[in-house]
Amino acid sequence: MAEPVIATRDLSLVFTTRDGPVQALSNVNLDIAPGEFISLIGPSGCGKTTLLRVIADLERATGGSIAVNGRTPEQARLARDYGYVFQAPALLPWRTILGNVQLPLEIMGISREERAARAKAQLALVNLAGFERKFPWQLSGGMQQRASIARALAFEPKLLLMDEPFGALDEIVRDHLNEQLLKLWSATRKTVVFVTHSIPEAVFLSTRIVVMSPRPGRITDIVDCDLGPDRPLEIRETPEFLRIAQRVREGLRAGHSYDV
Amino acid sequence: MAEPVIATRDLSLVFTTRDGPVQALSNVNLDIAPGEFISLIGPSGCGKTTLLRVIADLERATGGSIAVNGRTPEQARLARDYGYVFQAPALLPWRTILGNVQLPLEIMGISREERAARAKAQLALVNLAGFERKFPWQLSGGMQQRASIARALAFEPKLLLMDEPFGALDEIVRDHLNEQLLKLWSATRKTVVFVTHSIPEAVFLSTRIVVMSPRPGRITDIVDCDLGPDRPLEIRETPEFLRIAQRVREGLRAGHSYDV
Amino acid sequence: MTGLLALIVTGGFAALIATVHAGAGGTGFWMGVVATTLLAAWLVQRLGDAPDRGLPALAAPVAFGATVLALWEVLVLGLSVPMVLLPAPSAIAARAWLAAPMLWGDFAQTFLKAVLSGYVIGCGAGFALALVADRLPFLRRGLLPLGNLVAALPVVGIAPILVMWFGFDWQSKAAVVVAMTFFPMLVNTVAGLAAAGALERDLMRSYAASPGQTLWLLKLPSALPFIFTALKVNAPLALIGAIVAEFFGSPTQGMGFRITTEAAKLALDLVWAEIVVAAVAGSAFYGLVALAERAATFWHPSVRP
Amino acid sequence: QERVTLQLKWVTQAQFAGYYVAQARGMYRAANLDVRINAGGPDIAPPQVMAGGRADVVVEWMPAALASRERGVPLVNIAQPFKQSGLMLTCRAETGIRTPADLRGRTLGVWFSGNEYPFLAWMARLNLPTNGTPQGVRVLRQGFNVDPLLQRQADCVSTMTYNEYWQVIDGGFRPDQLTVFRYADQGVATLEDGLYVLENRLADPAFVARMGRFVRASMQGWDWARQNPDAAAAIVLDNDTSGAQTEAHQRRMMAEIAKLLDTSGGGRLDPADYERTVQTLLSSGGESPVITRAPTGAWTHAVVDAAR
Amino acid sequence: MSRSILPVLTICAGLVLLWYGGAIWMNWQVVADTQARAGATPGLMEMVRLTLNHARPLLPAPHQILDELWRSTATLPVTSRRSLVHHAWVTLSAALLGFGMGTAFGVLLAVAVVHIRALERSLMPWIVASQAVPVLALAPIVIVALGAMGLEGLLPKAIIAAYLCFFPIAIGMVKGLRAPDATARDLMRTWSATQAQVFWKLRLPASLPFLFAGLKVAMAAAVVGAIVAELPAGAQAGLGARLLAGSYFGQTIQIWAALVAAAILSATLVGLLGAAERLVARRMGARA
């Protein structure tokens, strides 16, 4: 295996709050190789976002270690190793949609023409052509979410961290974007860490699925997902696909506190 | 049929923006009878939220007419006829989770003890017991969404308007909450208007499914969903269920601009 | 309907003013005053509820101001308030008309020279220090408490010192304006720079944006509502500062110079003419800043329709 | 006891020693008066206080009193304890100013608020324009102190013999390093601290009688202060609520004030002094003259006579 | 709080050094003039000593101010008329009363303006105009007029302080009360909350950052207002009276001592407001 893009050893994170500590991550051990597509799946509040934030150097682990591209998360962040799609759209209200998508490109000093061209291409990809000049509050929730995806894709990072990017989208758009993402991934061999709540989506996209469970947040299962690089939408009806999905579902259920 | 809870006639809504008008709703005709569970489904940006907002008197229609419980939406709002779960959690950052859930009860002048009791019960229902004293930013995205559901349920309205309440939740929690909602609905015979992106969820929950399509937002299909009041989770594997789901999927696809 | 009401109110006040100038009084007169005032209040209320843009938006404040002026005239003359306490608007206007060239000279000296330069420098300095403090936490913790100290320096205390340092002409007045406008800008900008949301900060962090980029692209835009608050508060404040500073030594021109010297001579009509100029200039200044605010913070919930 | 409220024109200092002495040493009480003395300050115009009904009698300079008379507050001079004017222009000798003619082209600090008229009259007599042209003088509105002279922002500043002049001395000048022009010597003196009341109240004989007793007691106070300057200064100091005055300064001020007083006539105004003041004011010109015509009825001897 | 002690001390030390330099530089000319007139030719060290101990300096040295502060506070009983503590108290009481009145008025005005559209249109421009009226010009008239109505002592001064300090609060609060975003307002609408409920539960909490920024500016303005108002009230007592007397007698050091006292006074008050703000923010769940 090539040098992992992300390598964690006994990674832990405890939030100190006024009414006591909250253990959000506990002994997370995970190696992610270049070009992998990893999905994180698990009950709400199990630490998926927190893990992504630690990788992105937005949160500092309180125990264990983590390396991103062999460096500390901070060095990786400063080197602009990753792009991050947040769980909420986080669009700046004073910028148009086009302006928002161009924001990272501006920060990275890309020329005006290229900026506009790239941003427009990405907006078209997420089916927002024609909305360039609208302001965020003039878009529906799903449209805002798509704009934020376009923003993360626009600057073409080697590592993509995506926190439930397709949560607010309907099945059809979601299928479309799943296909687009898969195409992008196999064409560019990006590494993707992807948080989702949809088991079929995880199985359809991933090379490996990491199942987490809450209180304290930890990894309970890692499911290999060797469906090969070529995945038409119809693959979702194959027995192989359904078998993996079933395994993930069981892992998920096991980690749950309900007795469903 | 009893007097409809919601009745729209050629309802239209045009937003005027700086670069021209946006037709968000066009000639929507829809009658919803008491005790119905109606799902709105449709591509992102097709006007689902807008329709809900018109019903809730948060947006004024620019054409056609609408009656809620035989009155104008404004009268219905002032009579506190409905509860609304927004697409974004919209929790007040300076209130604890418990404080947020109690807010509508405070406004409706319910006594302190009952407030606390009801709020706690709802928080337990959405599996947030133990997080009462946290502030919103200390919760994960899904937990915030659940808190906002608890808030809308806490004041026990006769009409529930829910805008993608379960979008940010994993399958297991979602199944659980779907069952709870169904139980609540069949026990209290509330009228529910429910926006979702999940076809199985819509079929599982609804008595009728309204399929919408964008630009301009309009109703393209209304699918009856007569699975009866008693719906175990397993009903999702029955041919009847799959047939209805297929019909909805087709309606959805037809209204889409992609040629998938 | 509104037009008719406006006509009645205008006619009523015209009649009252004519009566009072003719020297009449009595119960009937005062009942007329009360009735007309009530009608005027109703008119202002109606105009205030009219749509937002264009002429109607101006009608309400104009009607309100005209009412106040008419009442002032009627009351001052009707109750024969001595001129040295409060002159009637008509007397002020007459005096202002005669003294217009002098008023203009005073305005140029005080407003165009001292206020504008002091405002720009003072707001600029408060803003710059806020930026520095935001960037360097060490300075923030050290400078802000000291910034509070500067804010607390009363004009009447610093004005004599600054006149001593910067001379009698407008430079010392500008220095006073700098000292007065500095703190509101500092406090508001610091609060504004802290107002950007956590998620948006994380976003900039994820881009490894430089502090300058974060400032320019995120913090400054979200600080704009606060910054404009300071700019608005400072607009009239700057004017007061310059005028007051002129009380402590000045050339023989300027609004503050005129106000004190004429007040001591009990030429209150000229004093009030000068005060009217100050009020109009201050409001116009404020109005310009408020217009700029609407344009620059169109996205803020308080401005968004 | 009858109440009298006296409004001073400036802050508590030996300039007003007579009134404080009359109060402290029981002269008012002996005249069956309960006198309340209100200090003034830069923002207090005694005529305005009078018009607001907040004083029975005020200490004011005659130019300001005549101005207020023309503006509808008819003040009437009832007594004039100060015979001489203490106003002067003090110049740094090193600038080469020796005579009034040397003032051409200089920067001068002048007190305004009505005090500028004797100055303007003087400049008019010297044929020096005051609009800042090189052939004339440049005028600054001086604040309350002599800093402009010490800091060389002005060549000359206005001073009172009893106050600011000594601040210049304290500032490190010897008297021979200063050139002093007394307004009195230049023939442009105007009457300073006098006692004024509202004209309409003089119609009331009881009021005239009360003011008569007040003036007599005040003049007794002045007489005592003139003879016991150090003790008078101490009494002034007792009445200084701001705690800013110093004993040395007040003693010196009292000594100088004594030179301006005339207690012999019981405070009787000399009509010749009045005429000279009016003439000076009328000859001053300026863009907003303090008075535009000779006033009538601006003084009365009725009160002083009643005091006999 | 304790984290800021070191930075404050460091910066103070830097400022004091700068100040000494400034004092030498600014007072040089005056001292040189005096010495020349006295016919003396002091050496460099002597000149420096003289500039730092001049009785009527352009800029007094810090130790001169401290000395004056010490003399006028610690060495006198606080009831003495020469005690700066006494004068500070006179000013403080008027400032606090004025601050209270100004805050109440400013907040009420903002509430009224946010809720009654007609008011915003008709009244607001005139409120703005009123602020451009120089108080010091009006103060004598206000004091005389109030005196004619029988109001004397503390109240007229407090009214002038209030006049100066209500405006920043009103402007900030109008902004703050309108800060809640559309979703939060819609939420309250769905519950058909009354205006009062929207105010207490949404607008007011959301406006607190604006309110505190306004309060801090207003606190400083109230102290300034109280001091300004002391002049037409006869400059009998208070820091304003000390400033005036100092200016009138050319006692630069006394002016500076009064200035520093005023600055310390309102910085303390502003600091207290800051502490209150942090307390409130903590209770409202602000991040650490």
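Observations on the model:
A, B, C, D and E are the chain letters, set down in written order, and residue numbers restart from 1 in every chain.
Basically, a contact is a pair of C-beta atoms (placed from the backbone, for glycine too) under 8 Å apart; a residue touches a chain by one contact, two chains touch by 3 or more.
Here is each chain with its UniProt name: A, B = ABC transporter ATP-binding protein; C, E = ABC transporter permease.
Since this is a predicted model, take the numbers as computed values, not measurements.
The fewest steps needed to get from chain A to chain D, moving only between touching chains, is 2.
Put simply, the C-alpha centre of chain D and that of chain E have 35 angstrom between them. The centroid of the Cα atoms in chain A and the matching centroid in chain B are 27 Å apart. Taking each chain's centre as the mean of its C-alpha atoms, chain B lies 84 Å from chain D.
Touching of two or more other chains is recorded for residues 42, 45, 48, 51-52, 143-145, 147, 151 of chain D. Touching of two or more other chains is recorded for residues 58, 136, 140-141, 144-145, 182, 231, 244, 247, 287 of chain E. Those residues of chain A in touch with two or more other chains are numbered 88, 137. Each chain pair that touches appears in this list: A-B, A-C, B-E, C-D, C-E, D-E. Of all the residues in chain E, the ones that touch chain C in their complex are 3-4, 7-12, 15, 26, 58-59, 116-126, 128-138, 140-141, 144-145, 167-168, 171-172, 175, 178-182, 185, 209-210, 212-214, 216-217, 220, 223-224, 227-228, 231, 239-240, 243-244, 247, 252, 255-256, 258-259, 262-267, 270-271, 287. Against chain A, the residues of chain B that register as touching in their complex are 15, 17-19, 22, 41-45, 48-49, 87-88, 127, 133-134, 138-143, 145-146, 163-164, 167-176, 197-199, 249, 252-253, 256-258, 260. The part of chain C that touches chain D in the complex is made up of residues 82-85, 99, 102, 160, 163-164, 167-168, 246-252, 257, 260-268, 270.
Listing the residues of chain E that touch chain B in their complex gives 183-184, 186-194, 197, 201-202, 205, 284-285, 287. Residue ranges on chain C touching chain E, taken from their complex, read 44-49, 57, 60-61, 63-65, 68, 85-86, 138-143, 145-146, 148-158, 160-161, 164-165, 183-184, 187-188, 191, 195, 198, 225-226, 229, 232-233, 235-237, 239-240, 243-244, 247-248, 255-256, 259-260, 263, 271, 274-275, 278-283, 285-287, 300-302, 304.
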